[in-house]
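Going in written order, the chains are labelled A, B and C, and every chain counts its residues from 1.
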Amino acid sequence: MRVAGTHRELGRRLVLAVPYVWLLVFFLAPLLIVGKISLSESRLGIPPYEPLIDWAQSGLAMVKVSLNNYVLLFEDDLYVQAYIQSLTIAGISTFLCLLIGYPMALGIARAPEKARGPLLLLVIVPFWTSFLIRVYSWMSILRDEGILNHALMAVGLIDEPLIILNTDWAVYVGIVYSYLPFMVLPLYASLEKLDPSLLEAAADLGARPVRAFIAVTLPLSLPGIVAGSMLVFVPAVGEYVIPSLLGGGDTQMLGKALWDVFAQTRDWPAASALAMAMLAALVLPIALFQRLQTRLEEEENR
Amino acid sequence: MSLAVRPEREIRPPAIQIRGVEKRFGDATAVDGIDLDIQEGEFFSLLGPSGCGKTTLLRMMAGFEMPTAGAVLIAGADMTAVPPYERPVNMMFQSYALFPHMNVADNVAFGLRQDGVAKSEIAGRVAEALDLVQMGDFAKRKPHQMSGGQRQRVALARCLVKRPKVVLLDEPLSALDKKLREKTQFELVNIQEKVGITFVMVTHDQEEAMTMSTRIAVMNAGRILQVGRPHEIYEYPTSRMVADFIGIANFFTGTVESSAGGVVTFRAQGIDAPLTVAGDLAPGSAAAVMVRPEKIQMGREAAIGVDNSVSGVVKEIAYLGDVSIYHVRLDSGLVVLVTNANLRHAAEPAVTWEDRVHLSWHSGNAVVLP
Amino acid sequence: MHRSPALLAAMFVGFAFLYAPIALLMVYSFNASREVSVWGGFSTKWYGELLQNQAYLDAAWLSLKIAATSATGALVLGTLAALVLVRYGRFRGRMVFNGLITAPLVMPEIILGLAMLLLFVALEDLTGWPDGRGFTTIAIVHTTVGMAYATVVIRSRLAQMDESLEEAAMDLGARPVKVFFLITIPVIAPSLAAAWLLAFTLSLDDVVATQFVSGPGSTTLPIEVFSSVRLGVSPQVNALGTIIVVAVAVVIGLVWRLSAGKRR
């Protein structure tokens, strides 16, 4: 029996160890390396950075820490701009997603039960099709001589084509469009759980539909709002494809700046510093999101 | 003496009038033409098996469902098309539907805030309502921090605080365990008497309806079978379905032989001698005589001077503590249920298995039903 | 509960917004004109050109291989991780584990890509592995991302599973490993399929992280597409997009029909 017991214990440990080690090596370690390299000096060569730990002759590890890269970030207007613009664009896009996504989620949650599955599927399908292709599809719509401008001019709403592609507007459209399903799904999940008799109780106690919505539906869907907003906001801050394809020259976002520094300037320490700065902006929302997830999980386990 | 005296009903203005109300969901008919008056100050119950349309009827009073046909009047005013938030009625939900993100005081104050009641007045009325249900100390609790019984009280306070014309209760006690349910039944009735508001309750539990109500409407398949005071429903059911649904009943089917002076002579299948029963039915019509098990006397000797008497053999005895139910098989094979109160501690029962017994009952204690 | 017309209208607009661009893309993939937004008659010539384009075909083949590999890896790792999270209760390091497994879901890909590249460079420096960048490095990155998603999918199914099924099997004499393969796996099979498909699609679609860890000669389909559309709209990409959308719709439709049939 004891042998079987230790076998089982071994099995249990193995089940835990395999994914744990994978995540430590292929997720946590890389992030630590980014942190490390962001603190080292750049140089020409391969790899294009100075080692952080130098084994001096005495055998003592000399740790060379340089905050130069971070100082550079703060001094360069371009990066400060990119930082601010990333957060603003992501914030506004998240809000727009919420505005469009909430009625959709509410509509699905209140649809007849038979219709909910297919409607949800309709929300999910675009998520399964290529992200890149979906962003790309807006290029031919938003171009100066694109489908939208053709249609608007044919109807007579405008005489001159609107310049949308390669502006911030196109980036908003792209982000909202790409991340809308991420907003709708958690919203739906929390709205669907809402006990309909709570709304009836509110109506019974004298609340008109709008009041009932504000007093009951909205606060009780808060977890969905938070989860959906995080799922949109966080990736939007680091978005690279959308500003590259739809944005203009003055659309500076962190993701694009990072790639440019990495690929064109080949300044890896600076790129790492940018990545750390981006992470810093996201730590709070990510932590918030995780706490919410844990709380929901605990509620389910109860 | 043949009939129990039926006291005359006090006439008050009706709190709720249901006029020819029908409700269909697609092909299904939930409520199939109902007329009903509920008087002010009544504790009225809608009683019936699940799916009989009682909840739909209640929800039409609250305004959550629109009748397909007919009208709902509250305190004399036509409310058929009035949305729930403008009706002078409040509902206590089966799940209580307390807002989980608000504490007790905010839950109770919710309705007053919707009506724009002054802040200073709200605090007083909330405290008053919570005291009425003995929940004054729980004002700051959240719903999930309370027991089912406490939640039930808060839900009631939330209804009462608006001083509605009618309080609607949808299976108000079904979420409570048996002991608590029995205690709460009396509390609810006491509170109702204190505030004097009309209560309309939906329940599938006949004991609950009998204990609490001034009047009961027994429903089945979208229709009302009978409306009456609890003892009327029990002692004088007007149909076999009502008699069968409320309590235990023995039915003897057969035909009416003659009918004179409020007494019917009845020829029942499986019983040799004709039965006599209070009632009035045309001779020759098929009918059933219903006798409640506790109305039957049982003894080893044939009783003398009784209207109805049969004999049989005891086949089963179900001991329930307070009473025992005897299954007596008549010589024709017909089984009659008889209940006997167990009056004495550990006494040898007078009658036991395979004993031959004589059953008898007074003609005024039976009912003949078409 | 009453649905207001305004709500229905808003929902309809939302769905129109989701589907109009895809629909337009598909329509214009049959446009004879090179000028993408001017209709020049019906033609399938872009499909023909696409199928002649060796660069696209090579990239697509590589992408499929990487996607299949990483989806399988993600499935195995995700299943183990889900088991740990659902069945292990509290253990030391659970918080860290939970954090690590959910973080890739919200980590901007650009950071992940950079971090992974730096790891591979450092590793190669130290151990000589991996030798350059290509299939292996891309597959590892995609596995890590796919694993996070797979865990979410499998975990929720596992949490709903009636554990007494496993207890019954053990009571009847099956050892834990046998129970896992005979009872647990079949019961959660639909979620395993969903997890694999999800990881497969994510891998097939990834641009940003892949860009960091792909080397010369290892161009995946999205990278090929990305570099061509950066220069402007391309009718061949319209055709490719249409093929992808149709393929996804067919697979999802099949899965939907199958699962609907099972539920009945």
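Going forward, a residue touches a chain if its C-beta (ideal position, glycine included) is under 8 Å from a C-beta of that chain, and two chains touch if they have at least 3 such contacts.
As the structure is a prediction and not an experimental result, all values here were calculated from the model.
Q: Which chain's mean C-alpha position is the greatest distance from subunit A's?
A: The most remote chain is B.
Q: Can you check which chain pair, A-B or A-C, has more C-beta pairs in contact?
A: Contact tally favours A-C.
Q: Approximately how many whole Å separate the CA-defined centres of subunit A and subunit B?
A: 59
Q: Once you find the CA centre of subunit A and the CA centre of subunit C, what distance in Å lies between them?
A: Centres of subunit A and subunit C (C-alpha means) sit 16 Å apart.
Q: List, in ascending order, every residue of subunit A touching at least 2 other chains.
A: Residues 200 of subunit A each touch two or more of the other chains.
Q: Tell me, which parts of subunit A touch subunit C in their complex?
A: Per the stated touch rule, the residues are 8, 11-12, 15-16, 18-20, 22-24, 26-31, 33-34, 37, 47, 100-101, 103-104, 106-108, 110-111, 121-126, 128-134, 136-141, 143, 145-147, 150, 177, 180-181, 184, 196, 199-200, 209, 230-231, 234-235, 237-241, 244-245, 254-255, 258-259, 262, 268, 271-272, 275, 278-279, 282, 286, 289-290, 293-294, 300-301.
Q: What part of subunit A is in contact with subunit B in the complex they form?
A: Spelled out, the residues of subunit A in touch with subunit B are 195, 197-198, 200-208, 211-212, 215-216, 219-220.
Q: Give the list of subunit B residues in touch with subunit A in this complex.
A: My answer: residues 62-64, 83-87, 89-91, 93-95, 97-101, 110-111, 114-115, 158, 162.
Q: Over in the complex, which subunit C residues touch subunit A? Could you list them?
A: 1-4, 7-8, 10-11, 13-15, 17-19, 21-22, 24-25, 28, 35-38, 77-78, 80-81, 83-84, 88, 91, 93, 97-104, 106-112, 114-116, 118-119, 121-122, 125, 140-141, 143-144, 147, 159, 176-177, 201, 204-205, 207-208, 211-212, 222, 225-226, 229-230, 232-233, 237-238, 240-241, 244-245, 248-249, 252, 256
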